[in-house]
């Protein structure tokens, strides 16, 4: 078992990153209550192991869109990974491939996708005000090998992150959203008036449906926090949804993803449902699956591990999560992901 | 987005204000539990955004008594603003007008109303033991341009604020309740025996009804914390109520305003209901409206901003609140205040 | 309003008292959870004021056993007050009389009752293994003027107070339980084997009934924490009960007195019910009455005030409580104690 | 009453033990939430004393498998006690015998059982992949005098204990699992690949049933945290179960033992049920019995006391627990263990 637990990367990375970059990555909407809420909600999920089972063939692999992943984990889309390390997104993608985890490339990548792809990857995008811009992003991603699209629906505007504002974060020289910069001029997400203008260009479900109809790749809607939003996304043609409050970065008052996940799973028993937000251990990952997720995305710890050790750092981090998850499956008496159900959750009797 | 979040003004102002003035302004009844309760209650209100809406014309303006405000926010009545800055109430009123917020002048103003009025304003008063004194206050306010009256019903006595008592607060030279000083001699609110005497002169609902009948301006009752009090105020002829626990300054054991607001709104679906207490961000303001308020009042942050930067400080503070509120509306998928309803509140399923 | 709030006496007294005496007085069973539970439970009791009432004649006086007290407060029985001040119990009794509060003399008094009595007082006792010893205590108290008896039923053994044990508390020279010392030799409460021996001599309800039958004074049972115990006490002939967990000193796991008080009042709507434990403000005293108590006892703050300032210290402390209580009554719209009912409690709607 | 409360041993032992040994003993799964959950859950169990009972013959003795113990407490099985003191398990066993407590020897003992046995003891074991190895362990234990077997069912793998991993714990020279070392070579619990290999060798209920059928001693299953697991153990032929989450060492998300104990007792009203996890006072022990346990096991405080003072340290620690328990029984009005029932628990009325 590698030394560093997943939440031990943050204090180390804090020393490595610039104060501005750290504030940008670590910060949450407002004073960060949604980040804490995410973490605490996993901690309240209690477990009920199936003791006394001999597990002849413990396997935590996941099949998704025809790919096999070594465990049900993907690296979440994160912007500007050159902030963390000179190898940026390339290092992260390499580590994910080495550890059998998925990798989602952000459309705010600081390296072009053809320099990043080290294995199978998905591509995250914001629907652009100009459809041609959206199409240009998608085509570039497909050309680099993207196997699925993740459309972020919860952030037509940047959230108000006090720590980031206090630190006066701005992109340093040499770090740019290279894919967005390459787009034809349009109203950009960094517009001066952050509100009315941006909202007038915000994507709606019809835009998402158009995209789903136009591309051959599976599309997942990210930022879904209610059965109603999940329904809209699935009806628009999405192959699945990602339950996410954007790592607590958009609205401080969003519930924890662990709170809403069971409701969404109950409403759509057969849908593909992923989740992110605050997962920091193999037990958290197990809890996510027991609450109804098919897989989970891991964000900030990967960014911090990248800052600390480049591809090797990320690889170590993902390996630790894999090992913890496998141990948890063993201790819980589960041989396959399919056995990780709500029956493995402790439910107090109310008398 | 301006740098300082609304709750960042307090530590700065603490360095600027005298220890006595800081204790007076910041303190709450007892050890301040009601202040903390107010803050924490907003933090427990979770949100359910309407994703995937293109908002062609996001507008957070409010119409009230024939006036249009840029956003649903008024500066709460606060006494003795010369404690904070040599420009006192004048600076605050100017900033409110500049930012399109309402302004409520306290009858304990340290500047006469005709020196303060910089735009539309409301006037807060305590009903005086002597009706002629009440009338004199109201007439002076109307002469200066007041457009509505706010009658504080919850503080016939000063609350017991330990921090203020410990600090030995007393008005410094040059700071006086100039309107009250100008009244004909009567039992004043600063009487030596703080209890029986004051209570014998405390206003009742009949006094309020008399006032409502006598003045042409709309009257709002402030300090309402229950449907029963709201009913009494509305039956007395009030145009609306302000749900308030006096910023936690009168009784330590009052519930948070966010706790009682939904009950009062449910009891009076069509009444004008404002709220104050612990609002420190655009998300808090959004929560207030989603719980049933038509608008909210902002208190201490304005006082602290005044201490830090006079009119400019208050203006910056109010602008920040406006911008945060507009961003929140956008992220929540609301184009107009009328769309901010209880449907935008996350309600956990109880199973 | 005097400067020191009631819970501000403790840190000052900590500097005045010896470490051993402080550990003895301040300590609670185990690590003190029951002390904290008492305090926190009052803090959770929220209030619903009756606004808009003119109170012509606010009066917080209480009639009890033919006496009128200025407000519904008695000084709780506390042992060894010479530990706090050379004037010991005499100073406390004097201050209580001066402020119109009741005074309960402990049978572990460090001064003989005839040197203490400064006004009306009650006498607290433990039933002794030897009935003649009990009778001797009672007769001495009556001779000194005791007007009621308080029989402590919850402490046949000393509780295990870690802080006191750690500090190695022992009575210093010159401080003795003078009334107990004067008794004929019998198994004392400070026996070497603290358990089986003491329990074999523990009082039962029949002993209490015997006492009630034998003495002309009203008898109150102290330490009642359930309707069942209250029933036993009342059936034994008691004139009332004192809901108390012994200031958190006997068992760490007892509920807060504010938790059990409403159940006991509901079971015995017409009984005389007093309460103690964690009351530190006029609002707490108001809450106690609203939850069903007729009056409350105040313990540790009095001991600390005695340490700080003798009779003057205790007087100031009691006066502050009185004034806070009167202000609270005024702010809550209550003219008489009888108006302090459960209707003045805020009860959240559960939806 | 001896000076040190049970949870006061830990800080002292921290100074005595090596950092590695301390991390090994004190650490819990993940960041230790299950350890804290255990402690806090006992603290939430509130008590309802039976006042006014004269207890002529207070006795806290327990009869179990034909033995009489002075109080319902056993020393929990703990590995490698030579880490704490040169006398290791021998000292602990001696102290337990001296104080009339039970003693459970771990199969990971660092001294051979025949050098340890100082009185009646039980033997804890993990079922080994090779049945002959299991039999060899059991035979050695029986030869040394073991009177019952405790089979740990909840730890086919080591939990992931961050503090222990961080400290890089490894057995120092001279400390070995001497009984396991003496087994014929087989897949050991310290295998390199901690997961799939170990799980393929994990014991199942059939293995337990085989053991129960083969040995004449009573067998208890340890690690039971649900009625389902208790049923499986009892159907396998166990004489009883030990409700345990392994001192919070295997899975961070297990509920507290105090949470699940009542459900298991309710499901099996007549079974022998022991409990461990977080018991640190006589009141905690009383709570365990009131929630349904027949006896409790005490773990870490014994290890720390051993580190501090060898056999004398453990003896003092157990004596303190005994005395606290006896005082608690007295204060609660219980003369015999059989009187410690759910009627002695405070249950708030829900209105």
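All chains are identified by letter, namely A, B, C and D, in their written order; residue positions are counted from 1 within each chain.
We adopt the following convention: a contact is a pair of C-beta atoms (placed from the backbone, for glycine too) under 8 Å apart; a residue touches a chain by one contact, two chains touch by 3 or more.
Keep in mind that what you see is a predicted model, and the values were worked out from it rather than measured.
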For the copies chain A and chain D, give the interface type as same if over half of its residue numbers appear on both sides, and as different if under half do.
different
Please work out the Cα centroid separation of chain B and chain D, and write it as a whole number of Å.
59
Averaged-CA centre spacing for the pair chain C and chain B, given as whole angstrom
41
By residue number and range, which residues of chain D touch two or more other chains?
none
Which of line, ring, star, complete and other names the graph you get from chains that touch?
ring
So in the complex, the part of chain A that touches chain B is made up of which residues?
29-31, 33, 153-160, 162, 165-166, 168, 194-196, 198-205, 208, 223-226, 229, 232, 250-255, 259-260, 263
Residues of chain C touching chain B in their complex?
1, 3, 5, 7-8, 43, 45-49, 51-58, 281-283, 287, 323-324, 326-328, 330-332, 346, 348-349
